[in-house]
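Below you will find the structure I want to go over with you.
Each chain carries a letter (A, B, C and D) given by its place in the written order, and its residues are counted from 1.
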Amino acid sequence: MDILVCILLFSGLFFLTAGSIGILRFPDFYSRLHPAGKLDTLGTLLALMGLALFSLHHFSLGALLTSLKIMLIIIFVFVASPTATHAIVDAGVRAGLAPWTKGEKRR
Amino acid sequence: MKIIGLIITIITGAFLVYAAVDFPAWADPNSPASTYLSPYFIENSMKDTSVPNFVTSLLADYRGFDTMFETTVIFTAGLVCFILLRISGGKEPETRHYRHVLTGVTVTLKEGRKIPASEDFERIDDLWTPPDLIIKTGCRLMIPFIQLFALYVIAHGHSSPGGGFQGGVILGASIILLAISHDLRTALERMREKVVAILCPVGVAIYAGTGTLCLLLGLNFLDYSALASVLHVDPISARSHGILMVEIGVGIAVMTTMIWIYNNISSAGKYNQGL
Amino acid sequence: MSELIPTIIAKYNYWIYITLMMIGLYAMIAKNNLVKKIVGMNIFQTAIILFYVSIGVKKGATIPISTGGHGAAHEVVHAADYLNPLPHVLMLTAIVVGVATLGVALALALRIYSRYNTLEEDEILAQIRKK
Amino acid sequence: MSQQYPVLIVIVPLLSAFAISIAGWVNKRLCFPIIVTALGVAVYASVGLLLTVLEKGVVIYHLGGWPPPVGIAYYVDHLNGLVLVVVSLVALLNVIACKKSIELEFPDKAAPFYTLYILMVTGLLGIVVTGDAFNLYVLLEIAALTGYGLLAMGEERAPLSTLNYLYMGTIGACFYLLGVGYLYIVTGSLNMVDIARLLPPLYQSKAVLAAFIICMVGVWLKMAFFPLHAWLPNAYTHAPSAASSLIAPLVTKVMVYVMIRLILTVFTPEFAFATLALNNVVVWLAVIAIVMGAILALAERNLKKMLTFIIVAEVGYMVGGAWLGNRAGMTGAILHIVNDALMTLCVFLVVGNIVYKVKGYAFEDLQGLFRKMPFTMGAFVVGAMSIIGVPPTCGFFSKWYLILGALQAGHYGFVAALIFSSLVSVVLFFRIFEICYYEPFSDHHGHDHPPEPMDEAPLLMVVPLLIVAVILILVGLYTGDIVNHVIKFAIPEGLV
């Protein structure tokens, strides 16, 4: 059980870290949203799943309620985060921001 | 100006550092702040008000008078934004735009012309852009849950972190989310300006009115134990119920103020289109 | 020197708040853009909020909500187990005041922008002087 | 009911603010009667409270039924009893006098304007009546926020000068809050009387010193004490006349009250004057404030702006008087809070009337006003005499006490500054009298204009103004009673 929690947490943290590095390293607005949208969502999901499992460690009704709440958060993050990323991309397109192509300078 | 700013900043900072040397260390359990008044609140909150969340009992009862003015500050901010920005009685623009909902065809009308009254056309603005389907659906999915959570936060402020301010802000955020994901006109159809502007003082008046009710029942202002005779409970639970009453007032006031400020600032007082 | 370092470590919350506050103050005095000044003002207020909240911390204490819940009215509560709730309450008020001030300041900035079409203070003053 | 007076003073205006705000959406004609009734109740309650205090001594009111220091308490003693009466009276007279100009300037926003107005009065009354250091901060912010709203409604430059005021005001309030935080960290209490009880063993602590200085700087920022005054003249000049004639008399004076309250009650005079030995520095600052205020006023060719610089100088009077550190100086400062509120109200109401009729307040607009608006200008003469300090009016007596205090303290610079600024005021006001009285006759074209017919402002504006002018003289005549029965008890015995 503990090992599973650890694996989940660490993989979540790995994706979050990778996402942060990606935000810094990618060349332009749209490609930066790629790590920001996907990796953050996945990292949060995994980390929260780990926490939900961890709270079931000592099983009781209260602990079950807590992990249910965490599961609810997971669902909402899963809905909200891609929508938000989509909204930002949409705004970028409407503002007339051209995507980066190979050979251009970083923006 | 930069050099003057730097000099002033350094002098002030040095003075504050000089004063901080005499302060108790961080997280010191024996500092005067932790030993003089706070033990009273922690140890007697349950006995006095039967509220397990000490912050709530302190906020809405022991120092409820502060909180009443805090709510008034929020109301004032909404009112100031309104009085500064709202352009009332604005003329109708010369051309109006309508959109046929089913086909997406946009119709532009000169002044004086009318379209056949039907459900098929909706009024739009000059800078209107079609709301994105994904965003619309995503937000429509989230808003009911956000509002439900807000009500939970208001109602559960007695025994978990939360209360009127937090819940009110979340409630306001749900309406603002509607305005962002669709457009301001849609949000205004749900919450009309007049409703917002009247509910806001009503919310604060619920707070002040609860206090005044206590005064009329013969005790001091905001002494909720006076409500015991009205609510038919003992004075200690009366305090708990009084706190709930004022939290509801705060929630209403904060929610409407957030919406009010958003409406005014995002449309610069014209109320035609949001961001 | 041997006394200085423990002092610095033991009171680091004060140094952080002073630094933040001075950043805000500097932005308010030195920046030319009105919105940047508003941001500086907000940092300034946040620094004070941080200062107050850090007063309320106690070693070995938990958040100020009774662990017994509603049913445990007769349970003895030890003050040392809970954080000081008073600064939290005061700062709830200060946060609200900060938000209100921010709203009013932004409304004023909007009015100024619609009048002068700029938010740079020197350009606005030049426009006023021209008249 | 009389034991509820302290809270009624604040609650009745507050509740009426919500009523006005709602009435604005239902029936606009209800707003004015509500605001006048509410302020009338506030005046009644504050006068009743002052009489109770005179009879029985300090009145303490426990809000929420919690005794201090656990809860918030109101302490009403002679000092704030007096200031309460002044604040509520000024607000009542001003709203009646400004009804016409509010309706003229904001035809469709009168209701929010009245709401902000009465919220501001609530804030000011609350600042004066409260006995809790943090509660004072909250009310300070209410008064400030409403003030920004009211001031920014004015001419086109008003938003910019108000935003500058907002920056300075927020820094000032934050400094005050920080000072309270320092006091809280060393004492653990927020109640003013309780802090004063806990402080004496800590007088040597650097934190208390810092708390005192930070609070003072914050309060000085808010009251526009000289080097920190830059926001005041523009903000007040461009404001709508109804707002400036409320804010100019009250805000700076209430802040002076806060300073005196901090010195007398929280930190006690022993600490402020004896332990710190900052008196001389502050009094010299006040001297500079007075002189600079007078000189800057002399340079203006605009009646309203000139008056705002006079306010800067008057703040110098009060701060200097309070920091002289003796009984006479403190008496003068407290008396000057009362007098200055009334005489500033008088001259700003005159400006309001002039703006209502002439639509301007530059010196060129004032020509021939004595003939055109005799009653308004008559009141202006009384107000000006009071600012100059001519005997039957009240301004003379507070200056008398201030000079007495300065002589007692051996501070001749302050005496010289007072006399200098009085002389400058003479020049300032006689220059205006000359323009208002003689100018149309010195016509360049050489032929006489037919004398302009009398064109006085409406009765609703003139009558309150004349009442203020009469009060100015009455306060002057009864100064002895005010000092002997009220102010004498407001100053602690320790101060000689």
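By definition in this document, contacts are C-beta pairs under 8 Å (C-beta built on N, C-alpha and C of every residue); 3 or more make two chains touch, one makes a residue touch a chain.
Being a predicted model, the structure only gives us computed values, none of them experimental.
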item: Chain pair showing more contacts of the two, B-C and C-D; value: B-C
item: Mean-CA-position distance for subunit D and subunit A (Å); value: 56
item: Centroid distance [mean C-alpha coordinates] between subunit D and subunit C, Å; value: 29
item: Subunit B and subunit C: spacing of chain centres that average the CA atoms, whole Å; value: 19
item: Multi-partner residues of subunit A (at least 2 other chains); value: none
item: Shared-contact residues (touching 2 or more other chains) in subunit C; value: 25, 55, 86-87, 90, 93, 97, 100-101, 104, 108, 111
item: Interface hub residues of subunit B, defined as touching at least two other chains; value: 16, 20-21, 23, 31, 33-34, 37-38, 41, 63, 66, 70, 73, 76-77, 80, 84
item: Those chain pairs that satisfy the touch definition; value: A-B, B-C, B-D, C-D
item: In the complex, subunit B residues that touch subunit D; value: 15-16, 18-24, 31-38, 40-41, 61-66, 69-70, 72-73, 76-77, 79-80, 82-84, 86, 88-89, 194, 197-198, 200-202, 204-205, 208-209, 211-212, 215, 219-225
item: Subunit B-facing residues of subunit A, complex; value: 76, 79-80, 82-83, 86-87, 90, 94
item: Subunit B residues within the subunit A interface of the complex; value: 129, 132, 134-135, 138-139, 141-142, 145, 181
item: Of all residues in subunit C, those that touch subunit B in their complex; value: 7, 10-15, 18-19, 21-22, 25-26, 29-30, 32, 54-61, 63-66, 68-70, 72-73, 75, 77-80, 82, 84-90, 92-93, 96-97, 99-101, 103-104, 106-108, 110-111, 114
item: In the complex with subunit D, residue positions of subunit C that touch it; value: 25, 28, 34, 37, 41, 44-45, 48, 51-52, 55, 86-87, 90, 93-94, 97, 100-101, 104-105, 108-109, 111-112, 115, 124, 128
